[in-house]
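In the two complexes that follow, chain A is the common piece, with chain B as its partner first and chain C second.
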Partner chain A sequence: MMVLGLRRAGWVAVVAGLAVLAVAPAAAQPTAEEIMAKAHLAMFYPGEDMRARVTMRLVSRDGKERVRELTMSRRDLQDGGEQRYFIYFHRPPDVRDMTFLVWKYPGRDDDRWLYVPALKLVRRIAASDKRSSFAGSDFSYEDVSGREPEEDTHKLLRGEKVGERAASVVESVPKDPGSVDFTRKVSWIDKATWLPLKEEYYDRRGELARVFTAEELKEIQGFWTVTKRVMKNTQTGHFTEAVFADVRYNQKLSPDLFSERALRAPPAELSR
Partner chain B sequence: MRRRFGLLLLASLLVARGAAAAEEIPLHGFVQAASAYRLIQPDRCPRTQRLACREEFVLGEGRGRLELTPRGEWWGLVAKGELIGDAVGGEVDGDLREGYLDLRFPAVDLRLGRQIITWGVGDLIFINDVFPKDWVAFISGLPLEYLKKGSDGLSATGHWGGTSLQVVLVPRFEADTLPEAGGRLRFNDPMAAIESRNTDDPSPGAEGPEVGGRLFRNLLGWDLSLYAYRGFHRAPAGEVEPGPRLRLFFPPLNVYGWSAQGAALGGVVSLEGGYYDSRRDRSGRNAAVENSRGKYLAGYQRELAPDLTLGLQYAGDVMEDHDAYRATRGPGMANRPTIRHVLTARLTQLFWNQTLRLGLFVLGSPNEGDFYVNPEVKYNVTDALWAALGLNLFGGPRRAEFGQFEGNSNLYAVVRYAF
Partner chain C sequence: MLKFSLVEFSVAHPKLIVSLTIIFTLAFMTQFPRMKTDTNPKNMLPATSDVRVWNDEVDKTFALYEDMIVLGIVNDRGVLNRETLARISSITDAILKLKGAAVQDVNGFPTITNVTSESGILTVAPLMPEVPKTDQEVAKLRKMLFGNPLFVDRIISKDGKTTAIYVPLEKGANGKEVADKIREIVRKEKGAEKYYIAGDPVARDTFGAEMFRLMAIFAPIAGMVMLAVRYLMFRDLFLSITLMMDAMISIVWSMGLLIAFGFPIHIMSSMAPVFLMAIATDSIHIFNEFYFRYRERKDKKVAIIETMHAVGRPVRYTALATAAGFAVLLFMNIIPVRVFGGLVAFGTVALRILSFSFVPAMFTFVKEKNIEKAARGEDVSFSKASRFLRGLAGFGAHRPQVTVLVGALLCVVAIIGVTNIVVNNNMVEWFKKQSEIRIADTQINRALGGTSTGYVVAISKEEDFIKNPEAMRYIESLQRHLEKLPIVGKTFSVADYVKRINRVLHDDDAGFDVIPETKEAVGQYLFLFSMSAKASDLNNVVDYPFSQANIWVQLKTWDAQAMEEVIRAVDDYKKAHPFPLELKPAGIAYFNLVWNDEVLWDMVKGFIAALIAVFVILIFNFRSFKWAVVGYVPLLFTILLIYGVVGFSGKRFDMPISVLSCLSLGMAVDFAIHFIGRFKQRLAESSVGTPNSELITESLLWTAARPGKGIMRNAVLFAASFAVMMFAPLTPYITVGAFIVSMMMLSALMVIIYLPALIILLEGWLFRGGST
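Presenting the complex of A and B:
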């Protein structure tokens, strides 16, 4: 019994040693999958929770501008897993006081609720298509709350500088091409912060359709944050610039905020 | 009374505007112009609907709204007043849309005053939403928010471990606003020969206040609700008295129901049911009062493509004691089937970064043959200015629910500037 136990332990040690040898070079040079997994966490899961005042400028090719201003609150139930979002709209006037609640689940459709103050109505929103535009902007729901890295296959193309920052360039191809509006995405992931500095989305004809750029990065409470981001539709010339102000992490946001009660009567601090 | 109070409130809102600017109390509002042109003019014209037969415009008005909404940590005040200039009727009027005080306690929310309450999961199919509605505004082509009317009362909602209970108390009954004799809208009037009419005080004191309750919680992603209501029919019943004179009154009603809504089948599934206990006509033999009824609906909503959404509903309305009902029907009176089936579809497509919306809503009853069709184009010209153009088409048998409004079918336009 004892002998057998030792022999088994010996085998485990040998296998573990081999595994370390196999993984060691990869740890020095992370794989494309590891880069995208870390980028996903850095971009969409920093802290236990987050709150920010977001101002989106929607600008058309001819310079016509519309503004969406909202307060976004996020709470993670699990790092890289389930999340809840509560969004309060400040303007424009026709959506003022509207609230929007999302329960995000990895691997299946979100639950989404919209509260319409004029009708005192909580409306359930169909959430099958995560590529839909968020509040009319060039950002899709997935651009706001993240696309799971497991939904794509990734390939590390090269290292490249974006401005002063060293980045890994990764190409991602959706595993289920029918589920999304892009066939290929190329991301420039910052080697220092793991945040995406730039993303290019290519459509079904292989042409460049949308470009994401992180215009401003700030370290807030130890978390690197993209505080100004732009998504440009290269085919229509329309772009959206989103500025994140008053970003706060780990505020111990109450789970009660992500409920029907809060949809109908959002806390006073949100409406200011 | 309601109107005078509205005017008074509007005046105080205007005064408050100055103070608001000084202390940064949120003040918002809009100005809106709306007009609707009658498309169909049926030849038969009962004497009680002479105005409706003469008037080319179903709607022609301008509105100004002020909203004052100061808020603190545990309290909030909402006052929304409107000044309405009616070009068709040549009148100016005030209305308090909403005016209430919110008090927030750790587990309980209180709301006191004139408030809009919406229950149930139907899209223009109301089962458990027993609260007052303005069908005249709806038929006339005003924006959908005007279909809902405020209730003057108290709402208390308690929250315990994910389960909530809302109790609503309304001391003063508010009836639905329906097309009526002498008004601007056409409708089926079985008593068209009787011009002398009298409506009972819609606050039947002897019967006590209206009481409603809603118990709700989310379970495995499904929003589940149970409802109960004790009050009155919102539409009046009519009884011929010696004279002859038509007496309109609001018979007592209890409603019990449930609803469920959740993500399923790649979209949102809505289910609702309710039982209408018509307390004054449990036998079904009273010709004036509605029989008891069972109502149900099943709905499905799905995003077909980005910015393209389809909603489908099937609803049924089952009358109890149908034989007794048929025995009470006289000539000229509607004779409804045991079950009224209704199908609806809503298609919404957004364009140009969601600033242009094309909408189509179709409602029809396959067995009664009446229908309502509402295509609409809405464009947000800027963040502050939107304009909508649409059609309200009603049709079908003259005595059916939507068929009677055929003569109100209209082309409407609304422009709103908000601040």
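Presenting the complex of A and C:
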């Protein structure tokens, strides 16, 4: 399990880092890299698997709404590494039964498939741009399934409270600026749960472009989970609120469930 | 008479009057630091006007931007080569860093969403995320560009030589500033490419900025020209300056008042100083008469008082007519027009008050010796000018039938010309043909779909209605219908995306380049599209509940009438194909149409109101309906002739001309007021009872020679200062210059030749029952 699916030296470094962290004295101040690595795991890899009923409200600057309701299931093949996502759409009504499958590989493009019920057709979808919108929302694919910490360089700026919670403020700058739409990200990572409480993305002009906020944190089966999150595009005024309900971890979802076959006829475990 | 006593008072206490004037002027000047300017011609319509509210609503519903700049990039050997593509990429990168640009929605090769299918994989992604490295990659890009109808004529011309980057502007951004920054960016690129920057915000904001700049240049130049001409006429610098000060002071007063009231200086009010300067030339009549009187009396004070007595009435009434001509604008709908009307009316009144106080007071300071020297030339019998004018009037008076007939014939011809007038407005054409903006617009419009954008919004009350295949097909065939218009370069709508996805999902089979059969399929396609495209791609063409669709119509011209044609075509289509979708126009092209119509017709209304107001004032002035009619003739004649020429020349009746017509009225009638006023005065002075024909003719000739000289001087002065404008780089200024020069010269000639002819011919009618 440890070695399976390792695809990148960077990943090895993280594992090594974590191992070092495990034996290091607990009192040592974690570095920015360590904070971001922990946050990545806390946010995107809790449990072996996860399933949730997600309701996304896409709200335009004048208050008009579009609603997406979907069941999102995740299965990790490896902590911090390869993952599979399955998404079953309930709403809007005309896309009911539409399904979406993502095999996520660290360090290279995902594989994505989409089932179009009206055509009874499964189509591979290109996934070169991880910064593109997820299901038309303000969240990008990376916001949903995580951006690898090794893609950025991190700097611990300060400690700061977000509401009642003590947080570490970390600035991340992409190593390959051409590949992304932001030049700088500032994250407020909760010291208690390692979850990001707030993130600010700055565009190429250095202007604030998007703001992520964790609006509600719940402990579910021992895993701290952001059950309500908002991504706001500060330039257009558009925002998306995603509410995670009915969150379950460790349901023993087999990796084999996440298959092309399931797209056409989703098993009950993935479409509830 | 109140004014008369004001003159006596001023002559008696000149120092007091001058000091008071200076104090007032300084008081108004204190307001100047608070000056705000508004260079946006769009603000002619308030933000609460129907069209702006509706356009804002459409902008919100479809996440659109009010304004867009188009950067055209042309390479005569084709833009699809690695060097040009690299430049496009680096230019786009630089544009994405510009403040004021809505960077998330900039569309060009590197950023525009492309929907393709390659070896079974559906791709919804930017067209050119990276510059092609090999010729094969360039060939692939070429194939994608020309294989997607959404791109052809939008970001690539059919001949492959032109591409465009569309840069929407954030709300409140200044189009000229962003355009200037883009110019800087492209200037750094070395290569065979040519760059063109176009779009309404560029034209509009450049025009606004230029207008202010030109005013700052032309107002002083006009002032200097007037001063020079005055000096040549009267040979006394002190008096010439005094008369100039008259204008300057009234400008300070009225602008100060405007600023004190908190109004920003809008492009219309920025023209006020030049107009006030022009109106101030009326005081030349005082000057003119003063020299004659001084020659006769040899006493300064007596001459001043007598002068004011003689010219007081016409000067007051011409001021009243001018003020009324502008004051009617106060009753118009458009706020900057109202402000302008009020501003100039106030300034005109201020000018007149100054003419009766400050000017006579200043006269007392002039050394008698100087006046004497200057006045020597002012003798009716010796002066060449006077003899010439007498001759002109004599032509009219001795051959009245011929003169009136020729005039009537000219009128008929002019009326034919007037019926040829085309009403239209095109802001880009406010720039000269060789101007950068004009060239850019022409180039891009020739190669691509067009720089002007209008929308047709299809509205249903029912949610998800747009997803019906019937609705999609309805929209699609409406597009094909609109594309038949020669002014429409390209249209696109949600139907184009649906067709595109249908085709791509079916392995790029051209047979599937159609709207699918079911509502579910449409819904799922759109969902699929929204999953990977930029949010704005879909938002720009359908609203949130899918009850409204927005059809983009790219127009190849900024003619306001182009959008009218589109609206007409939409209405025809609606009639021919009844369907439960309401179709409403919107967008900047629609705004321009409404804006143009509103301002233009407001001005035409103002014109008619001014015509009536001026006529009423003439009746009051002459205390006679008949004389008012006679006095009115040169005015009507002048205006008719000018519009006749406008009609024949093919120059379109646009906003600047409509504004001018309104303004010209109050000024063109001045000469008739002076002429008839002084003529009747002369007649009354030199005869008892009913005057005989001989006396009438002699009085007419005298009037032409003496006050007529004032009229001619006024006209020349006026024309000289406005002629400067004919060298301006903006066509409306040239129009203003040409219009006013010809108006002044024509109405002066009309008064000197035509009025005598008319008066002789109508002698019986006019003098029946004696003169007043």
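Worth pointing out:
We adopt the following convention: the second predicted complex is superposed on the first by the 240 of 272 C-alpha atoms of A that agree within 3 Å, B and C clash if a C-alpha of one lies under 4 Å from a C-alpha of the other, contacts with A are read in each partner's own complex, and residues count from 1 in each chain.
Assume a contact is a pair of C-beta atoms (placed from the backbone, for glycine too) under 8 Å apart; a residue touches a chain by one contact, two chains touch by 3 or more.
All of these numbers come straight from a predicted model, not from anything done at the bench.
Superposition model on chain A: chain B and chain C are shown in a clashing arrangement.
Of the two partner chains placed by the overlay, only chain C lies in contact with A:61; chain B stays clear of it.
When both complexes are overlaid on chain A, the residue A:92 reaches chain B and chain C alike. Judged by the touch definition given at the top, the superposed model places A:271 against chain B, while chain C stays out of reach. When the two complexes are overlaid on their common chain A, residue A:131 makes contact with chain B while staying clear of chain C.
Of the two partner chains placed by the overlay, chain B and chain C both lie in contact with A:238.
In the superposed model, A:120 lies in contact with chain B only, and not with chain C.
With chain A as the common frame, the single stretch of chain C that clashes into chain B is 472-480; none of the other options in 4-12, 292-300, 472-480 or 580-588 do.
When the two complexes are laid over each other on chain A, chain A has residues 58, 60, 66, 92, 94, 118-119, 121, 124-126, 128-129, 132-133, 135-136, 138, 238 in contact with both chain B and chain C.
Within the complex, the chain A residues that touch chain B are 58, 60, 66-67, 91-94, 96-97, 103, 109-111, 118-122, 124-129, 131-133, 135-138, 140, 181, 238, 256, 259-261, 265, 268-269, 271. Residues 58, 60-62, 64-66, 89, 92, 94-95, 98, 100, 114, 116-119, 121, 123-126, 128-129, 132-136, 138, 203-205, 207, 209, 233, 235-236, 238 of chain A touch chain C in their complex. By the touch rule above, chain B contacts chain A in their complex via residues 26, 28, 30, 69, 71-73, 76, 102, 104, 109, 115-118, 121, 144-145, 148, 157, 159, 162, 164, 216, 218, 221, 223, 261-263, 266-268, 270, 301-303, 305-307, 309, 350, 353-355, 380, 382-384, 386, 418-419. Listing the residues of chain C that touch chain A in their complex gives 60-61, 63, 93, 96-99, 102-104, 118, 120-126, 129, 170, 464, 467, 505, 516, 518-525, 527-528, 530-536, 538-539, 543-545.
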